[in-house]
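Common to both upcoming complexes is chain A, partnered first by chain B, then by chain C.
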Partner chain A sequence: MGVAANSHVVIISINLPSPTKSGLLSDTPMLFYSFFKTQVGQQVTIELKNDLAIQGTLESVDQFLNFKLKDIKVVDEERYPHMMSVKNCFIRGSVVRYVQLSPPTVDTALLQDAARREAQSTQQMQQQNKPAVAAA
Partner chain B sequence: MSFVPQFFTTAESLVDSLDKKLLVVLRDGRKIIGILRSYDQFANLVLQDSLERIYVGDAYGDIERGVFIIRGENVVLLGEIDGDTEDALPLRQLPIEDILQMQREEAEEKARKDRLRFQLLHKQGFSVDFTDTDLY
Partner chain C sequence: MSGSFFGDGFGQADDPIARERAAFLAQGTSNGGDLDARLESLALHDNLGDRLEEDLDDVNDQTFDADVGDIAGQEFDFYQNTLANQSKVPGHALTMQFPGTSVAPMASQMPTETRVRRGLTLAELEAQMLQRATPAPQTTQSLLKTLTAAPEVVAQRKEARETRMMELSRYDNMMTRHDKDYIIRIQISQLLTDDPAADDFYCHMYQLSRGVRLGPSDTQQNSQQQHQQQTGQHQQQHQQQQSQADGQQNEQSSEQQAEQGEQVQQQVQRSADSPQTGGESPAGVRHHFARQHRSNTQSSMARMQQQVQRIVNEARRRPKAAHVAPEGALGKISVNSARNPKQVIQVARQHAGSVSTHDHQHSPLPGDLGGIFAGLGDARNPAIERRKTLRSIESVYNAVLRMEQLMREQVRLPANADHPAVQAWLAQYAAAKDIAWNEIEAAQPISSTYPHALVRFLSFAKGKRIIPRLVHHLSIDQVLALTTTIIANFESLDVCRFATYNAGAAAAKQREETDLFMQAVMPPALAFLADTSLQIVNGLFALFMERNNVAWVARTKPALGFLSMFLGRTEMLKQSMQYQSTDSSELYQAAELYNHLFNSLCGGFVSIFPPVQQQIDLQQPAMGLMEDVHAWQFLATLAISASVEQQHVLVAEVREKVLEKVQIANSGRVPVEIAAALTANVNLFLNALGLDASQVAM
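Take a look at the complex of A and B:
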């Protein structure tokens, strides 16, 4: 019983981010979430896996990369009559194929740098976690 | 637990859609219209007084579906329906029997065309095991 309870605690501490750590979910890669947050208010076009492409103003994004768009316009409107009465929509992150952004709003150098740093810190994190897993 | 609010940001983005009439597009292409009563972080949804709306060309038909519980993974998008534009749409409503008949004919026509196209492609040496019924 005691052993089972202990191993349960260990599993939780590995899989779930600790609330005491600084930043939002610091051991989950959140770079693109942060990036898309900087795009809020911009005009974007989101292409879905069913080929539906929707243009609109990005209203919000969450950690699953679900998007909310305002004042939407469907790119190929005649093919999708059901979208004509929709003005605002929520798109589930799992069905998104592409997000088209306007180039001036994206600092690619900064993004590349951030991606590199995140990869590095993830690596460090994994190395730090290794002894803990072995001990468990 | 204190990490829950950080995880649960889908809540933030859907809370203002509660008790509103929404159009939900599902992965199999179905369109459901209903009042959003509840949801969670996976975008599992509960819709009340729901209708399934079938579109064929510029016509549509409705099937009453009552309370609809949707597993989140099947959701493509949720759209808020704008009442004013909805009334002014260049679409006509037909009895559901007619729409189902039209839908059947459309599907048969498409299957016939696909068969022809696949035969031609196959003769040219292309792989034709692709279908567009489930793209996800």
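Take a look at the complex of A and C:
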């Protein structure tokens, strides 16, 4: 997972691990869910795959990384006039391209630790499964 | 549309919806005209004919002929302004026959002059006001109208409201309790996890570190559930933040175990307090500000909890696999869930194996050549060396994370020291510590490989960052060994190798690394030094000067820091030792070391200072002028322990510098704070000599 910090924008690129051999569930996706739970109540800008960028307060997130935004404002008003009267919205997780956050709300050291833990646990599961697969 | 989709005449239906529909259709046909025509007339004609005055036609007032600017940002409640609702207002729709409505007989007698727009009930008013920060002009008008309405109008509004509520709740309780439980069970089973503490690590630790705690009043209002949200029930859209509830309950439910099963239980409890009906009416939604009904919910809460418990146990017993290969099938079927999403990029997972084989391939080679190149390590191949160092940093990180996790679990251990769990814990802790310790190789300060493993370790920023966390777990001896190793290899540290101070991106990075070193690596070492005996300090001091070229190294901040600490500690110990029986050999040695230091620095004191930037950026003069704080501090500590001749020498050498600084401070070219800071810096040194900046003759 890569985290890069700009002056006022942090962009996270998603790089999911490959499926484990024996197929036990790994939980790196839950790291994102856990991360976004801490972002609830913060101003975020969500850029969708159809190039629409919506700025708003993050109201809630679920395990599929669907987002609910409150008090939204479309970043480029003139191109998307149909959203003018909309205050809240629900965004399906699969259409999100980027989520722009503010750096002070992110604890990068803790995030690195959490990512290391996930990687550790995935590795452990793999090692457990290798002998099982070999035996099977 | 006059018949049902699957044809007419199934006889009496058994569910309420079909019954109602049949009743409605029967009603419709009896009133004449088929449904199409009736709906059409409803839509196109307001049945008022010519009786509607121009000024009473205000359905479109808000939007008709308005600009974008007028419309944007406003909220329109078209429900209230629909013809159907306006028909309930007295004065309208005298002959309106909307099926199902009972038009109040009084309404037909009400003259049109007292026509009032359908007013807002108190609860709806509250809802509206809370939704909008700035009320539109219409709201204030209707507010006034509501508040000053005549009693008959009030009664009529009440009646209208009740009929509407009755209609809307006609279709409540469609789902039985069993249905609801079934669906909830399915949704919860998706959520559950084997190891909730690991899954929610980031969120949990983040909230702990930020000290997020909310009172009970907030949690009572949180009725949103995770699984309800998954079904996207929009009726609860404007309710409170669910995830904060999630996180808070995480905190509150149990500090020991952030069990998501329990978490869901808590949420289930709280949602059981709110109206649980699947077909929640808008009126019910509008009342969500009022206290939730708790009457029947005790039993449902208990039921919910039992369910969740049952699901948690089942899920634990039978972990779901991501791939399913049924008997006789020729392949695997992937079961996609939230935890096992469809991969957009398939990465072949062989890295873990490949790097280790890589290592094995290369390490026999030096040995094959008879150990000639053993001392070089992998210097021949810097890429491999770099990767090896990074891997060792990662293994130290893993070990430290394990240790920290063990520390967190320590609270839960039984008090009895002989308990096998305690032994196991101790064994794990020691094992993790050993791994980390071996990786940094601090036990051998002087190693055969150049650069030393620890130096390579510290050449990365993340290596520097892990040191203070690791030191937290080390014993005093280990910290001593670590400090010794750092000092012994000081010259080769990357922060000491930065030769130039020139501006540019490279220099910025150098400064960053140096700062990081000063912040992360130095404090543990310095803290250790501040607490040890003179013997150790002398020993380390001697080692420092022996192994490193002091004159060259003294230009760097870390070296100045160390030297200042040595001298300062020595001085403190000397003063405290005056009252005790001292070992004069140590004092003698300290004096010797001091003289040695002085002599080696003699003639080069000016070079300690960072080169002054030629163009002092007046917007940020502080940066350029503050760089030499360390130098002044070092000179001050040096001066404290100096003899008179040594002081003379010192002053002679740095007088130029002092004069220059004082001149800048007094010239008025820089702002007052900067000037004050400059003077303070110079005074650090001058006060140690017994002088002051104000005494300097200009």
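Here is the rule we go by: the second predicted complex is superposed on the first by the 99 of 136 C-alpha atoms of A that agree within 3 Å, B and C clash if a C-alpha of one lies under 4 Å from a C-alpha of the other, contacts with A are read in each partner's own complex, and residues count from 1 in each chain.
What we mean here is this: contacts are C-beta pairs under 8 Å (C-beta built on N, C-alpha and C of every residue); 3 or more make two chains touch, one makes a residue touch a chain.
Everything numeric here is computed off the predicted structure, so don't read it as measured data.
S.K.: Between chain B and chain C, whom does A:Q63 touch in the aligned arrangement: first, second, both, or neither?
M.R.: So A:Q63 meets both chain B and chain C here.
S.K.: Name the chain, either chain B or chain C, that contacts more residues of chain A.
M.R.: Partner with more touched residues of chain A: C.
S.K.: Thinking of the overlay built on chain A, is A:L48 touched by chain B (first), by chain C (second), by both, or by neither?
M.R.: first
S.K.: Considering only the touch criterion stated at the top, classify A:S121 as touching first (chain B), second (chain C), both, or neither.
M.R.: After superposing on A, A:S121 lies in contact with chain C but is clear of chain B.
S.K.: Of the partners chain B and chain C, which touch A:M30 in the superposed model: first, second, both, neither?
M.R.: Once the two structures are laid over each other on A, A:M30 reaches chain C alone.
S.K.: Once chain A of both complexes is superposed, is A:V95 in touch with chain B (first), chain C (second), both, or neither?
M.R.: first
S.K.: Considering only the touch criterion stated at the top, classify A:S85 as touching first (chain B), second (chain C), both, or neither.
M.R.: both
S.K.: Once the two structures are fitted together, what part of chain A is touched by chain B and by chain C alike?
M.R.: 16-19, 24-25, 60, 62-64, 66, 68, 81, 84-85, 87-88, 90
S.K.: Please output the residues of chain A touching chain C within their complex, sorted ascending.
M.R.: Residues 15-27, 29-31, 34-38, 40-41, 59-64, 66, 68, 81, 84-85, 87-88, 90, 107, 109-114, 116-118, 120-121, 123, 126 of chain A touch chain C in their complex.
S.K.: Would you tell me which residues of chain B are touching chain A in their complex?
M.R.: These residues of chain B touch chain A: 1-3, 6-7, 9-10, 12-14, 17, 23, 25, 27, 29, 31, 41, 43, 53, 55, 58, 60, 72-73, 75-82, 85-86, 89, 91, 135-136.
S.K.: With touch defined as at the start, can you tell me which chain C residues reach chain A in the complex?
M.R.: For this pair, the touching residues of chain C are 68, 71-76, 190-191, 193, 195, 198-207, 209, 224, 226, 229-230, 232, 234, 237-238, 241-244, 246-247, 319-324, 332, 334, 337-341, 343-349, 352, 394, 397-398, 401, 462, 465.
S.K.: For the complex, which residues does chain A have touching chain B?
M.R.: Listed in rising order, the residues of chain A that touch chain B are 16-19, 24-25, 48-52, 54, 60, 62-64, 66, 68, 72, 81-92, 94-95.
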